[in-house]
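Quick one: this structure, given as structure tokens, is what I'll be asking you about.
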Amino acid sequence: MNKEVIIIGGGVAGMQCAISLAEMGVKPTIIEKSDKLGGKLNDWYKLFPTFTSASEVLNPLKDMINELGVDVKLSSEVTKLEPKSVTLADGTTMSADAIVICSGFEVFDARLKEEYGYKIYDNVITSVDLERMFCEGSVQNLDKNSPSRIAILHCVGSRDEKVCQTHCSRVCCVAGVKQAIELKELYPKSEIFNFYMDIRMFGCGYEELYKEAQIKHNIHFVRGRISEAAQTIDSKIQIKSEDTLIGRPLKMTVDLLVLMVGMSAGKSNNSFATTDGINLNTSGFISPKNIFTECVSSDVDSIFYAGTVTAPKNIGESITEGVAAAHKVAKFIKL
Amino acid sequence: MARNNSWQEYQKDIADDKYFYVRSCIRQNFFPGSERVFLNILRNDLGLDVKEEAIHTSCTGIGYHSDIVPLETIMAVVARQFALMTEAGYENFISSCITSFGIYTEILETWHEFPETEERAREDLYKATGRVFNKPKNLAHTSDIIFHHREKIAQKAKFRLINSKTGEPLKVVDHIGCHYAKLFPKKGVGGSEFPYVIAGMVDSWGGDIIDYPERRHCCGFGFRNYLVKANRGSSVANSQKKFESMAPYKPDLIVGNCPGCSMFLDKWQYTIHEIEGVAYGENNRGIPTLTYEEMAGLVLGYNPWDMGMQMHQIDVEPLLDKMGVNYDPAEKYLGVNGEYIGRPEDASINTNCY
Amino acid sequence: MSWGYTINRARDIDMDRNDMTISKLILEKIPSLQGCIACGACVATCSTGALTKYSLRKVHTLVRRGEYSGLLDELNKCMLCGKCQLVCPRGINTRAVISLIKRELGDHR
Amino acid sequence: MNFYYDHFIIPFIIGVAILFSIVLYKYVRWITRLPKRDKLLIRKNIFTRKTLSAIQEVILESLLHRKIFRVNPLLGYMHMSLAFGWFLLIIVGSFEAAVHLKGEFLPPHAHVFYKFFAPKIIHTESGTTWEFIMDFLLLFVLIGVALAWGKRAYSRAMGIKKSTKHTRADRIALSALWLIFPARLLAESFTSGVRGGSSFLTGSIGNFMVDLLGWNTMVAIAPYTWWLYSTVLAIFFIFMPFSRYMHIFTEIPLIFLRKYGLKSSDNKQKSFDHFQIEACSRCGICIDPCQLQSAAGIDNVQSTYFLRDRRYNKLTESVTNNCLMCGRCQVKCPVGIDLNTLRLNSRHSFVSTSKADADNRYSYLNGVDLSTGSGRVGYFAGCMTSLSPKILNAMDKIFAAAKEDIWYADKNGGICCGRPLKLSGEIEAAQKMIDLNTALFEKHKITTLVTSCPICLKVFKEDYRLNGVEILHHSEYISRLIKEGRIEVSKSDLSYTYHDPCELGRGSGVYEQPRDVISAIGNLVEMEHNRESALCCGSSLANLEIRDDQQLKIASQLGEEFKQCNADSMITSCPLCKKSISRVANGKVEDICEIVANSLK
């Protein structure tokens, strides 16, 4: 078998796609722009809704990649995509019989929502920062023994035309609930308020987690988007929103404001879209050939997708798409 | 405190020289010296060319925002202002008023997005006056101009925004008019969230800007609010919200770049004290509230009474003392010709202090 | 001096100043109340709500935000018929909620 | 003159004195504080047959404990042996003492310590017979005591799964009670051993002890055994008025007063309540039937605890409100205490709503009339029924079939019947609903009022003054329609089981009409618990504390019985029961009117 398949991106979708192809006898090559496999999952602490460690998902995938001897090119970025070849940043061109784009998403840059003061005020952090802090075991400026107030703001960089993010990032709702519970467990005396516009618990076990957060952990949910955050004289954050269920503005001072940053389209999507047959949707994600029946295929026969390159997805869905794309590739290259 | 540098992402082009200047309708009553000080600073201290036309009019912004002046009318008025500039041979249009600045910006944007409206305005102007105009090459608010030349002013500074007794920087609250950057964030220095136009001056002249929670909140001026007496309670409540929020920082002065804001932040302090007995500022004597021109004038060593600072509701003397500005208390109520202009009745917030 | 106007009070719910004691106590006694998803079924079925502006959803949300003024009068309109409890998808004992809030707001001795 | 004195009787004398002064004080106080109307009732009825009937009941219940026998024979025997046995010991003992001591004056303690004061060993035939009888009675009581010990260790043997948790005073009194008869046995046996004589029990034990310990030791110890007996008695007597054992005396006046027509009232705590409250022996029979306990694990609210807390002024609103008021305990209470009424007037005591408050609060209801139709038969569906359109449709079908002209009270919504407010103690507020609805019924001149909701039914029947208006639950109404031939139903092979809603069954005594209706349509299969002992669905509006998951567990008990009786469908006649059982049932749950409507010919 001397068919070449290139997989752009070594996150969960890319790794799973590579594994599935390797299991079918193809020797795929993963091109990963960072210096390690795993993508965003490397930065996550525990996964909703089961609080499974991210490593429990990631390590078996990495082990399989090693076991199957998948060719991995780290620190390599694809600068040019053609139906049967890719060009890397170092100028080398690799030809392939099929290409699977698994380049994922970008975390929304919370600085664009300037009114929340991210990177301006010390006590405004993002959900990504919080995952890192959980990994480190403590959250900045919070004291386990004294009560603190924490606000978690959903939909930062999602459903917001002001920052050109018209889509829903889907997973942030449940991630916000998960992080609220983790914060409460780490800081039992804290009071946690989740500010949401809608709570979209689409996955299995998500709604149950939401209810648990409310009833068991006494986490407050306020329906309303925070409109602005400002620092007070004692370095706390004053936030304003409306409690839309009451119909009155609401303000409070919190010790920490966590911004649930959404999924933005991958930066490389634009350059991929210069290839004929690869199209972007309004939020910049790549549109698959057909969202019902061909969600891992493109209009170019030899190019396929898996994971969040096409839309925000959770880990399970991304992995499933990795399998699906491998299957489509196998059929295409007539294994 | 996290130091915010996000203003750097909101830079705007500001012309270096040759300005065509239009005044504010209301400022000359509230802060009568400010506009003259501005012209003096630009012309005398900085040696710049500023043209002013006696026949320019109100931009009619207040009427526009009060639903009295229709859009077509205000466009024609604005077109006439631009025609005056064009006729005078200038390209850089600067406005003393934030409302006007907002109007000019909005109309230029509208003309850009909907060219037919510009055509209509040109037609209307021509039919009415026979004038034609070029759109300004550069539009700026006068606070942008002071900001632009802040370093030059700093070099010529006689006083700095520093407490001359303690050597500590003065704590300055800035208040940016809503229509400066909230309409078009990219048209204001520093954008709408972290406006830098006054903060930049304060930074250059030695003071410390206070980033208090209600910094962005409207002063409450809001045309319909203060114009209708029954709504004034809402107007003053907005200013009160700001005072409450800034009070813990113990500011030494408030500086505004908007005619209405500066006026209300000054005068509402008196109103709040009369109605509720609450006073802000040191010794409960109010927080001195200045225009940016007055602040620049003080830095450059202008006589406060020449700048009309006796017209402030809140006495400015505590601030002058802190800065070490020499002033003659006896001159406070003397007019341009040295004539006694009368002394206002004492108000509870500043009774018999100076 | 007559000003012809007074300074408007802020309409916002100030969670820094509101006294949360009653709110906390109620959530401690009936944790399930926190599980309200604001579906509004209780209000839609309410016999009292058909005739007045009474809204249990709004009232208990206000309580949870530490806003109590005027709520006792609202809750006192309730006939305790229990329809709201029957329709609540989150299984909140709404009648217990009503009684408890009334009690804490001083209705009972 | 012989006072039959020895130092050891001092504790006994003190104990008896304290006991009787307290009991007397309590009774005098309670009786003098009775309202005029109650006093009048006593005066009116005291010299009638009611007194005789009360005496009969005292013998049957207070001494023989007939009702407890019905719960469990062993438990009945235990109570009977202790009460009746002790009673006989006192009576027979008095006679024995009177016959043998022959003093012109016999102080009350003489028979208690008869064996000690008996002048010499009595060898006469009659003496031996007396002694035999007394030993026999002592044995009778001792068996009861042994059973009581056994019950503590293993209550299930006596049909009680969960027994009462007692207060400290109860425990002391209980311990003393358990020791009284063993102590008496010991004292009498020692004295018999020393002096000889006595019958099969004390005599034999006495002789055995002499053999074991030697006569001299026996002589030395014997006086102390009497000290022990007297002291234990004294402890019991002193603690008795403060403990559950107050019931021993209180049940007797309660029986008399009840026969005279005294009742507790929903909206007022009266002096008569004391007789009911202190007549509770905390036997714990009310605990097992309580589904809050058996299904939901709530174990501090049952009637025994409620009465205890109320008696000692420790009642909390939370305990008072945490009750389904299903009435399952009330039908089992051996003392016949009116538990629901006491619970209700306790709830009321926590509420401060005045009539003026109620008028003010519900002023928005003044003049509200959302009714439709013009018939003389009024149909009040009830709030809950409006959430069950199947019931509404079925009733419409039945009304049409019977060609009944109906006035619909609440088809478009309306005013609550007032029962839910009443159950929460808001009786003044409930009265406002009652007045408003009464005015509506009068305005529309109805002659019959049919309701689909047993909750409404109960308040209509008990609290509404609807002169000349017949009040029927729809099951009664339908049963009548079938009997009168106004509707015809066809019978199928389907089997139905019937759930008695609390407010309809135990609450309003309607058991047979629904069953008649079901039998006309299909085959009725009874669940394990039916009629008076039917289970509650758990959703009772009377409970203001319960959580949803607890309600679900209670409903599940019914779901389980439904499953076990293998019926095709469970029929109930309350919209609330229907909703709550539907959540857990494995089969169809229907209202009785639904199956009627479906089988109309």
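The chains carry the letters A, B, C and D, assigned in the order they are written, with residues numbered from 1 in each.
By definition in this document, a contact is a pair of C-beta atoms (placed from the backbone, for glycine too) under 8 Å apart; a residue touches a chain by one contact, two chains touch by 3 or more.
Keep in mind the model is a prediction, meaning the values are calculated, not measured.
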| item | value |
| --- | --- |
| Chain whose Cα centroid lies nearest the overall Cα centroid | C |
| Interchain centroid distance [CA atoms averaged], chain A/chain B, Å | 45 |
| Rounded Å distance, chain B centre to chain D centre (Cα mean) | 83 |
| Centre-to-centre distance between chain D and chain A (centres being mean Cα positions), rounded to whole Å | 64 |
| Centre distance in Å when chain C and chain D are each reduced to the mean of their C-alpha atoms | 38 |
| Junction residues of chain B - those touching two or more other chains | none |
| Pairs of chains satisfying the touch condition | A-B, A-C, B-C, C-D |
| Touching residues (chain side chain B, partner chain A) in the complex | 1-2, 4, 6, 191, 193-194, 211-216, 248-249 |
| List of chain A residues in touch with chain C within their complex | 199, 211, 214-216, 218-220, 223, 240, 243, 245-253 |
| Complex contacts: residues of chain D adjacent to chain C | 317, 321, 350-353, 357, 361-362, 364-365, 368, 383-384, 386-387, 413-416, 418, 420-421, 424, 426, 429, 433, 539, 541, 544-549, 576, 579 |
| Of all residues in chain C, those that touch chain D in their complex | 32, 45, 47-48, 50-52, 73, 76-77, 79-83, 86-87, 91-93, 95-96, 99, 103, 107-109 |
| Chain C residues touching chain A - in the complex, by the definition given at the top | 11-16, 27, 31-32, 34-35, 37-38, 57-58, 61-62, 64-65, 67, 90 |
